[in-house]
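In the two assemblies presented below, chain A is common to both, partnered first by chain B and then by chain C.
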Partner chain A sequence: MIQLKSRLNVIDNSGALVAECIKVLRNARAANIGDEIVVAVKKARPISEKTSSSLSAAKIRKGDVRRAVIVRTRKEIRRPDGRYVRFDDNACVLLNNQQQPLGSRILGLVAAELRFKNWVKIVSLAPRVV
Partner chain B sequence: PRNMLCGNTLGQRLTSLGAAFQHRLTAARAIAGTASRQIHQSTFVRDVQPYILPKIQFDQPLVKPEEKRPNVMKIIERESLARADVDGRSKLFVRRAHFKNRLCAGDVVFVETFNSMSDTSATSSFTGVCIAIYRRGVDTSFILRNMVLNVGVEVRFMAYSPLMKRIEIIQKAKKSKRAKLFYLRENPGRTFQLKALKKMAKSAASTATKK
Partner chain C sequence: MKLEICNLSGYKIYPSRGRTFVSADSKTYRFLSSKTESLFHQNKKARLLAWTPIYRRLQRKGVSEEVAKKRTRRNVKFNRAVVGASLEQINARRNEKSDIRSAARAEAVAKAKEQRKGEAAKRKAARANAPDAGKFSKQQARGSASKVSRSGR
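Right, the complex of A and B next:
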């Protein structure tokens, strides 16, 4: 249940570390795993001269506004057979305007709900899906 | 003693209810049969029921001999539990069982689940420390907590779900002074240190390949 002002860890290699939700792109107050949100980057990895010259994925700075998809929530989510899954943190993956992940790699666990919400690329990039 | 209760009016009413239910069930099965035949014609899927039908296994209601005026809802819950209790996993959730036989908070548990009912060969497994048990008859559930890729994951499993293949205790805990171990989220202590996690993963792998 991510809503306005919720902070999420960014788990791809786009350069952002912490993002804050500023808009839930759903006709609802809160968003769950697999929903798209608009985030403002609150903390990013420092961009040195070396990295800026190389053709890395994208240069995300603190203060950038991007779209993101939620991949882990601390609020438990229900699976159809009655199972509930809960993670220890809230995490997201940054997206571009074509709903493709900005980074080239995903550094952590994602929830299996993404598969059913058609985030195929993220599920295939993720090292582990629960 | 159970046969003596047959003469009881409640026993008669229950058996007649059972008979009426069985009659309606055969009618429902007939409808299901035609529905499945239609499915056969259109999609050529074999042996797929449109919904799961409970098997009536009890000719006599499950009344204990000491119950003189049995409660119908209690008996229905008992029967649904007995029907759902494949492979005797209800022994893990009996409160007064011996410490080494029942599931306690703090045990390391290995759970294997089917991914779907239609394809029973595909399974997924999860291992973790049991941090809570909710004993609610058929709706009995327990929460397993583990660290996956440095992220804590908690999964709450419904014990009698048909998707649960097996539940096994792989390490018994020494008696914790609590029934719910939610403090492990903030204070993991030795339970989720690297050495303990590795041991958990190793015993889970050996349990997975055992059967």
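Right, the complex of A and C next:
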């Protein structure tokens, strides 16, 4: 249940580390796994002049406003077999305006709900899906 | 339907019961109830919680009945020598093959027959030599009953 002001870890290699939700792109107050939100980047990896040219992914700086999709939540989610799953943190993956992931790799695991919400590219990039 | 096992207590988890927790290092833990989940997050060890099967197994609680049931004595068959036949003789006789035994038996039978024939011939010859021998009556051959004599008193 991610809402305004919620902080999420960014688990792709776009350069951002922590993002803060500023808008839930749903007609609801809170967003869950597989929902899109608008985030402001609060913490980013430092970009040096040497690496900037070699980076294939976009350069993200602190203060950038981007879209993101939630991939892990601390709030438990219900699976169709009646099981409830919850993760240890809240995490997201940054997107561009065409709903494609900004980074080229995803670090860490993602929830299997993404497959049913048609985030197929993210699921295929993820090293592990739970 | 796959039965999971609670990571803390060791109880079986049936479908749609309990919770699954995925930790930051991608390990999946299954909990039967909020009790076990809470204890896990407090870093409690199941080995020290007296109600868990893990503790009971370690402290060997409730094991004595199972052990007692299994320890029933079994009678061992023991081959013993008997007066008149030593152990080797018994084993030899037991392990004899049936055809050998029947052959031996046939041999013995034939031998006995021959012996009997020989004896019968001898007896005939004896009777022929002693002609008076056959004139005894049956009673005489049996002998008279002895008179009861007065003994002491």
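Here are a few things to note about the model shown:
Keep this in mind: the second predicted complex is superposed on the first by the 129 of 130 C-alpha atoms of A that agree within 3 Å, B and C clash if a C-alpha of one lies under 4 Å from a C-alpha of the other, contacts with A are read in each partner's own complex, and residues count from 1 in each chain.
Note that in this section contacts are C-beta pairs under 8 Å (C-beta built on N, C-alpha and C of every residue); 3 or more make two chains touch, one makes a residue touch a chain.
Treat the numbers as computed from the prediction; the structure is a model and nothing was measured.
The superposition on chain A brings chain B into a clash with chain C. Touch criterion not met for A:Lys75: it reaches neither chain B nor chain C. By the document's definition of touching, both partners, chain B and chain C, reach A:Arg86. After overlaying the two complexes on the shared chain, residue contacts for A:Gly108 are found with chain B and with chain C alike.
In the superposition on chain A, A:Val130 makes contact with both chain B and chain C. Look at A:Arg61: by the touch rule set out above, it reaches neither chain B nor chain C.
Within the superposed arrangement, the part of chain B that overlaps chain C, taken from 2-10, 56-64, 74-82 or 182-190, is 182-190.
In the superposition on chain A, the residues of chain A contacted by chain B and by chain C overlap at 72, 76, 81-89, 108-109, 128, 130.
Of all residues in chain B, only 113, 126, 141, 148-158, 161, 163, 185 touch chain A in the complex they form.
By the touch rule above, chain C contacts chain A in their complex via residues 15-24, 26, 28.
Per the touch definition, chain A reaches chain C in the complex via residues 72, 76, 81-89, 108-109, 128, 130. Residue ranges on chain A touching chain B, taken from their complex, read 72, 76, 81-89, 91, 108-109, 127-128, 130.
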